[in-house]
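My questions all concern the structure below.
Going in written order, the chains are labelled A, B, C, D, E and F, and every chain counts its residues from 1.
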Amino acid sequence: MKRIEAIIKPHKLDSVKSKLNDIGVTGMTITEVKGFGRQRGHKEIYRGAEYHIDFIPKILISLVLTDDLVEKAVEAITETARTGSIGDGKIFVMPVEDVVRIRTGERGSEAV
Amino acid sequence: MKRIEAIIKPHKLDSVKSKLNDIGVTGMTITEVKGFGRQRGHKEIYRGAEYHIDFIPKILISLVLTDDLVEKAVEAITETARTGSIGDGKIFVMPVEDVVRIRTGERGSEAV
Amino acid sequence: MKRIEAIIKPHKLDSVKSKLNDIGVTGMTITEVKGFGRQRGHKEIYRGAEYHIDFIPKILISLVLTDDLVEKAVEAITETARTGSIGDGKIFVMPVEDVVRIRTGERGSEAV
Amino acid sequence: MDGRLDAFKNSGDVLFLMLGAVMVFAMHGGFAFLEVGTVRKKNQVNALVKILCDFAVSTVIYFSIGFPIAYGLSFFGSAETISSADSGLELVRFFFLLTFAAAIPAIISGGIAERARFWPQVAIAAVFVGLVYPVFEGMVWGQINFLGQEDSWLAGFGGAPFHDYAGSVVVHSMGGWLAVVGVILLGPRVGRWTNGRSNPIPVSNIPMLALGSWMLCVGWFGFNVMSAQSVDGISGLVAVNSLMSMAGGIIAALVVSKNDPGFIHNGALAGLVAVCAGSDLFHPLGAFVVGAVAAVIFVKCFIWEQQVLKIDDVLGVWPLHGLCGTWGGIACGIFGQKALGGLGGVTLLSQFIGTIIGLLFALTAGFTVYYVVKSAVGIRLTEEEEFIGSDLAIHRIDAYPEESIGG
Amino acid sequence: MDGRLDAFKNSGDVLFLMLGAVMVFAMHGGFAFLEVGTVRKKNQVNALVKILCDFAVSTVIYFSIGFPIAYGLSFFGSAETISSADSGLELVRFFFLLTFAAAIPAIISGGIAERARFWPQVAIAAVFVGLVYPVFEGMVWGQINFLGQEDSWLAGFGGAPFHDYAGSVVVHSMGGWLAVVGVILLGPRVGRWTNGRSNPIPVSNIPMLALGSWMLCVGWFGFNVMSAQSVDGISGLVAVNSLMSMAGGIIAALVVSKNDPGFIHNGALAGLVAVCAGSDLFHPLGAFVVGAVAAVIFVKCFIWEQQVLKIDDVLGVWPLHGLCGTWGGIACGIFGQKALGGLGGVTLLSQFIGTIIGLLFALTAGFTVYYVVKSAVGIRLTEEEEFIGSDLAIHRIDAYPEESIGG
Amino acid sequence: MDGRLDAFKNSGDVLFLMLGAVMVFAMHGGFAFLEVGTVRKKNQVNALVKILCDFAVSTVIYFSIGFPIAYGLSFFGSAETISSADSGLELVRFFFLLTFAAAIPAIISGGIAERARFWPQVAIAAVFVGLVYPVFEGMVWGQINFLGQEDSWLAGFGGAPFHDYAGSVVVHSMGGWLAVVGVILLGPRVGRWTNGRSNPIPVSNIPMLALGSWMLCVGWFGFNVMSAQSVDGISGLVAVNSLMSMAGGIIAALVVSKNDPGFIHNGALAGLVAVCAGSDLFHPLGAFVVGAVAAVIFVKCFIWEQQVLKIDDVLGVWPLHGLCGTWGGIACGIFGQKALGGLGGVTLLSQFIGTIIGLLFALTAGFTVYYVVKSAVGIRLTEEEEFIGSDLAIHRIDAYPEESIGG
């Protein structure tokens, strides 16, 4: 099993979610995060003072998957989250050693 | 050392926390997340328009533990977070290579 | 490649970010989290009722890095986030198997 | 010439009552925001809708039943009949007094918040505003010769008629004691006490609550001063006594509660509740004391209600309106005396009896109505509904849709 | 003696109009918060700034152009000339009527929210308040003898002059129909409909929206009652009819919308929009019906506008002000009749004609102005600006800086 | 007959002053929300409590000491003595003038926000409202014959008495200059400047701040118009000048600040501060210019204060009340002249001298009081307290308990 974490632009969440559903991903967890990278932030001005905002709102999708789905999921996310402009985000793939479904106590790939 | 991530129902946080304390877990970090899975979301209606809300608020507990505590922690969480109805959440166990306590610079299992 | 997760005190974010930039880290993602550990929470009182607040706001910085930068980053964070008082936080280092840059589809260390 | 002056004075009175009515109407917005800020986020929409709808229903029921009961006047003739002679003075008097009557459900709303069913609560509001309140109102201010009239039974028995200038007893005590019955019959919110352990439920938004308190305080000057019901009858003393009692309430709450924002913003209201009855009689310093004592009563009794009595009265409407209103009725018999700098014309005995009768009337009527409705259709949300919140359960939307639904 | 009374009455009238002006001025704050709560967070600052700046620009333009057009009076003499004789009665009359005129851009603002450019919108507001509105206003209330004057064309043709006591047609219908033209020419917000699929955009903050509704409801009593424009002319009937129509609007919206907070808070406003025209003539029960019908119109037509017409009218100002205003103009010819308990003196024919002329006037003027400005400089933000929100795009700051920037 | 008219006029005056008092009382809510929106979330509760408690303490101290100093009247007789003759006219006059006096700590509060200790600040407020303000007030409006009386020293020396109709100098300049002393002695908030580098601290909530501004603007018409203190004295010119100056302030702030919501909402206030002194004398167009200039002063000087002087005046009360108030005092001597369309009766010399005396008086008194209290007990929170916020440090609760504590 693997864990995928994808950092995407917030307005892409809906299409990424649908696409992941289509390829058979049945669960995911999302977190509102802020990202810093090549993408420029913006400047705000209030009562004559300037504020530079470096951190840009992003959505972090995290998925745990059986190994066979990983490549498909990575492709699905890459395709649907891409706008082509800087700041589209990243996908990280990481190892997972065990999974438990709390409701049933099932473990391993059944629990995903 | 391992890292445990448990996605649970928000109102279970208090009891899970107490139980983890009881078995000797001294630190944890929690994040407000939203989950998508078998559990149905709900529908809202406002001025004649319907909105389907698929993502359900969950709490993500993340713990880093020495290997000996892992199994006990998994059991503790499974027991206390279970309500028996869909959406109770999942636990993921992942490898950790190193831990540092910022205050002291200690590393490895001392730092947990 | 490795993934670093550092839990720090919120007001340290700015200096940690600058320092990481200095040593060549070009991207990071941050999340608002709450921590529980040795650091005491506080008590609030409202209309005669007491509330104990155990969870303390923290910032989670997460970075994916090529292996050569890991040690430098850990040091950088340890140095700049340290105040010396309880609750300075922790750094976890974890393995990452693959990285994808969504915009270009690049993979592996190029994508970081 | 006298005729022209009379006509002008009549118009002036219409304006006077209209301004009073609008100021007290604005207080209902204050009730709404006080509740919005005090309940949890998942019940904010319900707080807003309850107050607004109760007001609308009260309007209809008090127009057709309540006002006629209390004052023997009704408005079912043609528009010409009901308005031409006096430029509609009786109509605006109705409007003004309606805003008092409608305070009954607005007070109750804060006690039963977060768990009451919608329509049973509306029906109960209608009965209170249409029947229960007007009967007592009529006894004190209206045509039911019993307590407040110059030649009433109590005037003879107690040495003076029951005096309640702006409604410490008629409105606030009544509302507060009706509410406490509802709150008890409803039972505490799920999770408020588990196995005898108290789990206080935090309020959502102090600035909103403070906004409600401000709206109430500002409008309250209309509540008290315009109770003169005519320009000629206006009394600067009423205004300044209201002010001083409010100040007393704030300062006492500040000190006693050790700077607790919830108690301080409600302390202002405690002072204003208590001053209503005797605001035309007290000396300003007397009013200050009355307000300060009210705030102490409120703070201490709210804590007692929560910690000892274990009554889950969300906004604390029983100590605030019930107890401080009762205190106000009695205080009028104390600080209204000439000996204490007041204008006199009241007796402690009459005030005591009138106040206690009000309280017993409220308990009896409240129990009857709540008991019947509870037995017949139930007054409480299911546990599941309460858990997801009355906003989603009743209104199918929550207070911050963009946040929950996503932009 | 008569002289002293006259002087006092004159001062009383200045006070009366001043109070009315202030109450309606406060309604503009209500417009602002109604919009703040209904738009997405990224457009809240813009809602606030738009309403405040439109009001300021309206003040200047109506002072110098609009009021002179409608009433043939101007204030360019010395301070002495314009104020001494009557303690400035004409000046406060201007102030009072300005608050009506400035409601035009405030109404429109809610329809075109979240995507309009700032300065073109201000310019359009200036033209509406300086020229378009005063011409129609003059025809009904002012010096342009055509619809509302005792000896006007319509009085002869329709059997009675066009009656619009407090502006259902002059203000609300006008504003609502001007707005719908702007909304259509502007086009829907990005993403509102994609490939014919509707993606309703959730509102941000129901308590804020409710606050706006409360501010509007409270001030509305100044809007209607002070339309008497003198103390002598005050009518308690107007106050109670406004109240009853509001209650009708709330209750009907509650029932028809199945307890939807957005519709209920706007239902109160629907009732108040519709009652303006005939608030001095209806029987209170007639007013109740007028308000209830208005709320049904609002609820049904807003849904129809969204689902069938696909007009992205963010606050629903066309059904609320346009349609309910139109209904109010006509209803005045129905429930104003003696046969239905009203005071009479109106004909359905005159009301119908006057109302329709208002509507056509608005459509024509609105189309001309919006079309010219759209062609000349454009009225819409770029897609990129709309995406980041008008707050950042226009004001370079968002509504909750501490949150976005970090403490 | 004359007697009846006199009695009615007396009642009318009581009503007039009461309405004014209530409107200005509501402005204090505006001060509270302006501050709530401008400070960081961790100081919102403190903003609310400070304003409310300062008002209550001001009531007591001004009742017992301040008002007697300024006007030589006190209210320690029986209720009968102090209220019967004139229906309590002097009592409501006290109420009205109290709402002005209490504006002093409300103004200061916004400057010293986020770091001042609670009780020392309350004590200082009491001294200002009980002693400092009444002495200057007495010199201009009261019994201390020096600046504003027809036969005062300045009337002789400067060619006319010092004219300050509604308090540009007496209230606003006084408050602003007192505040700047406190702000300087308090020092900047931790982190505002580090090693000479400016780290501006973002405001928390623009809609709240705008709500405060609206509450202030609406109430301000009571502040200015009711300064006539009798119905007979009412002047429509005052109302329209206030309006025009506010409009000037909004428009100038809009243009100069390039559409900054903070400056625009405060620009309206800048115009209203500056117009007070001469609102009864200006021509409306003169008032417009006075307001526009005030807004430019405010915008430019606030930026200067922050960037050059490095004074951490959180709400900008020194440029807003201090400088614009000073400008208002002087502007009265310019645009009040007949040559500029005004009503005349003022001299630039008297206005200049009176204004400068006010300013020096404020600086001297402010320095003395703050210095003594600072030396004796300290006026500032500890660094740790400031870091966790004054809400937790002083009130042991924060503004959104459900969020921080958990539902």
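FYI, a contact is a pair of C-beta atoms (placed from the backbone, for glycine too) under 8 Å apart; a residue touches a chain by one contact, two chains touch by 3 or more.
Please read these numbers as outputs of a predicted model, since none were measured by experiment.
Identification of common neighbours of chain C and chain E yields A, B, D, F. Under half of the residue numbers found at the chain D and chain E interface occur in both copies, marking it as a different-residue contact. Chain centres here are Cα means. That of chain C falls 46 Å from that of chain F.
Mean C-alpha position of chain D lies 33 Å from that of chain F. Chain C and chain D have CA centres that are 52 Å apart.
For chain F, residues touching at least two other chains, in rising order: 1, 5, 12, 19, 202-203, 211, 260-262, 396-398, 401, 404-406. For chain A, residues touching at least two other chains, in rising order: 31, 45-46, 51, 55, 94-95. Chain contact summary for the complex, chain D toward chain F: residues 1-2, 5, 9, 12, 16, 19, 23, 40-42, 201-207, 210-211, 214-215, 217-218, 221-222, 225, 231-240, 243-244, 246-248, 250-251, 254, 259-262, 264-265, 268, 281-284, 286, 288, 338, 341-343. Interface residues of chain C facing chain F in the complex, by the touch rule stated above, are 42-46, 51, 53.
Residues 388, 392, 396-398, 401, 404-406 of chain E touch chain A in their complex. Within the complex formed with chain C, the chain B residues making contact are 3, 17, 26-31, 64, 94-103, 105, 111-112.
Across the interface of their complex, chain A is touched by residues 198, 200, 202-203, 257, 260-263, 299, 302-303, 306-307, 316 of chain F.
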